[in-house]
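As written, the chains take the letters A, B, C and D, and residue 1 is the first residue of each chain.
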Amino acid sequence: MKKFIALMLTLLLAMTSLAACGGGGDSGSGGDTIKIGVFEPASGDNGAGGKQETLGIQYANEVQPTVEIGGKEYNVELAIVDNESDNSKAVTAAQDLVSKGVSIVLGSYGSAVSIAAADVFADAGMPAIGVTCTNPQVTADCEQYFRICFLDPFQGTVLANYAWENGMKKAYCLSKQGDDYSKGLVNYFIEAFKGLGGEVVEEQFPDKNSDFTSYVANAKKNNCDVFFSPVSTEAAALIIDQAEAQSLGMPILAGDTWDSNVITGAAKGKNVEVVVTTFYQEGGNPEFDSGIKEWMENNSEAKTNNGGNTDLAAVTAMGYDAYFVALEAMKAAGSTDPADILAALPELNATGLVCGDVTFNEVGDANKTTAFVKKCNNETGAWEFVKEQSAE
Amino acid sequence: MAKQDNREVVLRLSDITMQFGGVVAVDNLNLEVHKNEIVGLIGPNGAGKTTAFNCITGVYEPTNGAVEINGNVVIENYPQGKMKDEYAGKNQGKYTKALTMLPDKVTKLGVARTFQNIRLFKGMTVLENVMVAMHMNQSESVFGATFRSKKAREEEKVMKEEALELLKKLDLYDNRDDMSTSLPYGKQRHLEIARALATHPSILLLDEPAAGMNPQESDDLMRFIGRIRDEFDLSILMIEHHMQVIMGICEHIYVLNYGGQIADGTPAEIQANPAVIEAYLGGDE
Amino acid sequence: MEKTLNNKTKLVLSIAAIALLLILVYVGDNTIPANSSWKMLITVIEKGSIFALVAASMNLLNGFTGLFSLGQAGFMLIGAYTYAIFTIPGKSHEAVYQYFDGGLIQWSIVEILEGKLGVFGHYIGMFIPMIGAGLLVAVVAALIGIPVLRLKSDYLAIATLGFAEILRAFFQWNSLGPITNGSNVLRKYTTYGNAIFPVLVSGICIAIIVLLINSTYGRAFRAIRDDEIAAEAMGINLFKHKEMSFVISSFFAGISGALLAMFQTTINAMPFNTVMTYEILLIVVIGGIGSITGSILGAFLFISTSEWLLRGLDAGKWLGISSNLMRPGFRKVVFAIIIMLIVLFYAQGIMGSREFSWDSFINWWKNLPANLKAWPAKRKAKSTAKKEARARKAAAKAKAKEAKAEGEAKRASGEALFTPLPTSDEVMVFGKEGK
Amino acid sequence: MGFIQTWLPYILAGVAVGGQYALIAIGYTMVYGILRLINFAHGDVFMWSGLIMVYLITILPLWLSVILVIIFAIVLGTTIEKVAYRPLRSAPRMSIMISAIGVSYLLQNFALYITGGLTKTYPTIGWLQRTVSIGSATTKMVTLVTPVLTIVLVFLLVMLIKHTKIGMAMRAVSRDFETSSLMGIDIDRVITVTFVIGCALAAIGSILYFSNYTGIQPMSGAMPGLKAFVAAVFGGIGSVPGAVVGAFVIGVAENLIKGIGWTNFSDAFTFVLLIIILMVKPTGLFGEKNIDKV
């Protein structure tokens, strides 16, 4: 037994030193490589979305694997870490990225983990760019955090406006217990919808729940006009399925997370109306669309991570943009040092992106004033553009 | 058949009945142990001897009957609930609030026991096994004990000294730091008794202390039991199959068969009792 | 070869070792730049020490009192929330409780005391809610314990698991939003500045647990673990002592919850689920059920491997080995397999039920060269012994087969092998009902 | 009439999910009855059956897939028993439970690895997912099929336990493990058969459950598993009809609670029920007294 302990301890020591030396060597000899940290969930509740967002970043890296900073050509390497959609794992995951010597961090899908990691990035002076974390708290008190997407208050208002303008007077709002994203968006929606004179029924479902029968029945029982449920895509597919089974008879409205091929896949061939607001309109940039589709077609792992087909999710496009924003920031800074990049970010004006140009306001949020409203075509299983909607 | 004895009664069972569903494990047992007396409880396998012990020590709640320890009625039950319908004994139909005791309370009243299938604390040393039994007499709170208050340290010291003293008396001193499970069988029996004595009992219940011993060892055990009775001022009730031990040491013997009490008396009386002989020899159904 | 040191030397050695460790952690956290790999080591030490505490508290229950409780994550949840709620600075309430108009509690203990007592008040202000978190958890545990501790092993496990889930639902309940912020994260509360804080607090708490285990009450707990019936017969009040162990264990789980909250800088109720309890349990198992040293080692081993050293397994490259198998999730599969191997083949974990002591450490160190030298020979002996055992087993198997064949033959010839079982109503086993 | 109209959807959903819990609960109750072990991995066997179906149906015809899924569940369950539980049979209770938790952890993580954490959509099986209307409620066909199929299967199982030799052996082993082995009953065989039955029912349960709730991810088995276990405790552990009744009660109650609007506590309710039953009647509705020998 003692031998075993000895063995374990030596093994541990050896591994520690190996990993430490290995890591140390990398960061020390930066050389011609620059690292971009990808802080995304690959497991847990938001694993699916996180993977799709990572795909965009990976594709962007494939398209543009080098960057010229201060007259010198650097290879860009991605350091991807899984934050497991879990606040308690996010801190070590974030620290792991910082320790690997990355110059800037992208992510995460899901606001809670981003908020959790914000302090680590702040301590390290590490610039971070939120891709699709829409909770205002992410950037609110963290000077290191920027983001390229719109915010929940904005999105909630947009959704409420859309619902009200289309004659929906009573909304059924369903969020996931313990999930600050869906709860936050529901809160802003309710605020805006009530402000317009609407009526609201609000409920939550516990995590790990896959039986949405009663929630759909509750919406019917309350004679609602719209089913607002901006939850994760896992739950979304189940909700759509139940809505079909019970002939829900009202449109389902959701936020950016639902702009995913999981949803179109679930809604295809069903008599359920799904409407979402999103960052990106497929077809807006044909070159990007065909390029990434071809890439996924030739990369089986990427295709699997995208859910088995090559239909685009908005978060993938956003991930793609985030990568280029990061490159722009480095170019503007003329340095690979996180502190310099951080200094360059507020003044950045990134153009040529697929989801529109990005400039940051004083909080670090992107100046975006419109969202795209899309509707799922039940026959083709593709998104159809409805309109651009603003918060006014 | 009340016995003639002027010594004070320290343990009295009246009409103890223990029913499990339809099975009557102990049926109307009446038994008395006097001060400093050694009483034997014998009977064929399954006669209900250990069940009787469990009724005394509060492990089981007897269906009917009372247990009196040192003048305190600690258990007094009348048939209740479903048992009421099935029970056809003395207190049928009578009902008062049942009075029952948890095993630890019974121990605090001065009744200590050993077990038929040795139940030592396996993860502890011999010394710790004995010291555990002294825990209940400790007055320091868990807080004080954790932070080693002066009182706690003193109590611990006294406890340890006393435990070592006890181990010396029971010939276990040299094994004090061994794990209890590593002791030879005979010494494990001794340790069980040492542990029981550490609770400062006035009544000791021994459940087959001589099980698995050869004649020489049981002879030693007999003397040993006599010695601790005198040394610790005990009254002893013991279950035993070794007739040699029982007849050699007990002053009074109760005989059980199929839960029922078939005889009691001095060793000589029991040896001559035809019902007992029948139970032991002729009991071929 | 056995040599024992006197107590004074041991004490000096221990104090020196602990002081050295604390200084290293303190200086390390202050000087190591954030982008160095060694910083990750500090992070692992922080989290490891927090999990060492909660693992030790679970070990007090599972390993030393024999109560199979799976409620630890729930208790950490209460501890974390209690600490966080009372230390969010007044000006941050508006931002944190953004959906609940700044929440119900508008003050922070840290701020109040800092205003009155300065820096000293700051630390007192951190300790009060931390201890308060422990005490609140202890009260909750005491209430839960009254019904639950009367249950037997596996029912107890499932009932405590159930309570932890109920607690989680409760803390996420929207109606409690003004206090718990409902489903949203709590943040901006006061956290520690240096990694020495969790190490020190965990160290003190674990020391207290060790003192308890070695006290007469600890002995009573172990007696209950070894044999409840015998323990009761020794005058130990089962319920009282189980409740005591449960409450004390929960107190420390609460403290570790508060520390975890500080470590994470944000908390929400979601991660405090059964998976977290399982992970704590696995730490205890890896370290050895019944060994506090084991729990500490297990915690550092678990945290360092799962959240740092094995990460490469997910990224496709680890220690220079790269493979197509290494996709996200591979790390956890490897980890789960290692755990199963430990459970099945090293059931006693790293330490079994032994504890660290200077004597055994020095002896181990002294004997190390000799042991290493003797290792090949020993291995050889072991392998031959194994071979023999295998041969014996094979022989026994053959024999059993023969016996079976004989029995079959008997049955074929119509002989009765055993009398049939009586029907269910007549079977009765004596025993007591769960009291 | 109004009452029925309002509550029919909930009751239908409850009965359906109850039947699905019942099929899982039988595995728990039988294993617990014999080994005194909460087989934490049972819910994950259920999840894996669903997952395997997703992969099989893409290459094989439906009838063959169904058969293979059931066989897979049986093989998985019995393998778990052989590898993770049998070697520990003489070890303390806690060790086996830890082993069960470890297996569950492994199965979940392996599923995570295989699926990449993505939700897999369950295939459409025959007419099970077709929509039907009953009075005021619209629901899936599977909702109606589940209770009927459950009751038929349970009836067959009870017959098996009551009237066959292996059934008698099972009853004997669950009464007294040691004595039965002394009586010459092949304990290993009885345990294997128990796992075979439990896992086969879990596989059937998975087909019904996932036809109703069509997303599968690594944690999909955890909650139904826990609820099924609570159902088994509620009905009296070791009693097959008890587990079924318990499962229906939990299924219906859970949906009614959601219907009232206490959605936050629909899962917590299950545990509240568990704790209440353990306090008030630890042997459950139909359970027999659990006896310890001193």
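Everything that follows uses one rule, which is that contacts are C-beta pairs under 8 Å (C-beta built on N, C-alpha and C of every residue); 3 or more make two chains touch, one makes a residue touch a chain.
As the structure is a prediction and not an experimental result, all values here were calculated from the model.
Common neighbours of chain A and chain D under the contact rule above are C.
The chain with its Cα centre farthest from the Cα centre of chain C is B. Centres computed as Cα averages put chain A at a distance of 34 Å from chain C. Annotation: 71 Å between the Cα-based centres of chain A and chain B. Chain B and chain D, compared by their mean Cα positions, are separated by 46 Å.
Put simply, the C-alpha centre of chain C and that of chain D have 29 angstrom between them.
Annotation for chain D: residues touching 2 or more other chains are 112, 116-117, 222, 264, 267-268, 294.
Counting partner chains per residue, chain C has residues 169, 172, 174, 229, 327-329, 332, 430-432 touching two or more of them.
Multi-chain contact residues of chain B (touching two or more other chains): 54, 59.
Considering their complex, residues 20-23, 25, 51, 54, 57, 59-60, 102-104, 107-108, 112-113, 115, 119-124, 128, 131-138, 140, 142, 145-148, 152, 155-156, 159, 195-196, 198-199 of chain B touch chain C.
Touching chain C in their complex are the following residues of chain A: 1-6, 8, 12, 15-16, 18-24, 27, 42-43, 45, 51, 79-82, 86-93, 95-96, 98-102, 112, 115-116, 118-120, 123-126, 136-137, 140-141, 175-180, 182-184, 187, 202, 204, 206-207, 301, 338. Of all the residues in chain D, the ones that touch chain C in their complex are 36-38, 83-84, 87-88, 91, 93-95, 97-99, 101-106, 109-110, 112-113, 116-117, 168, 171-172, 175-176, 180, 183-184, 222, 226, 229-230, 233, 264-265, 267-268, 270-272, 274-275, 278-279, 282, 289-294. Put simply, chain C touches chain A in their complex at residues 34-41, 43-44, 47, 92, 95-96, 98-99, 168-169, 172, 174, 182-185, 187-188, 191, 260, 263-271, 273, 276, 301, 303-305, 307-309, 311-312, 314-315, 319, 327-329, 332, 346, 348, 350-352, 364, 368, 371, 375. Chain D makes touch with chain A in their complex at residues 6, 9-10, 13, 17, 112, 116-119, 121, 129, 131, 137-140, 212-215, 217, 219-220, 222-223, 254-255, 258-259, 261, 263-264, 266-268.
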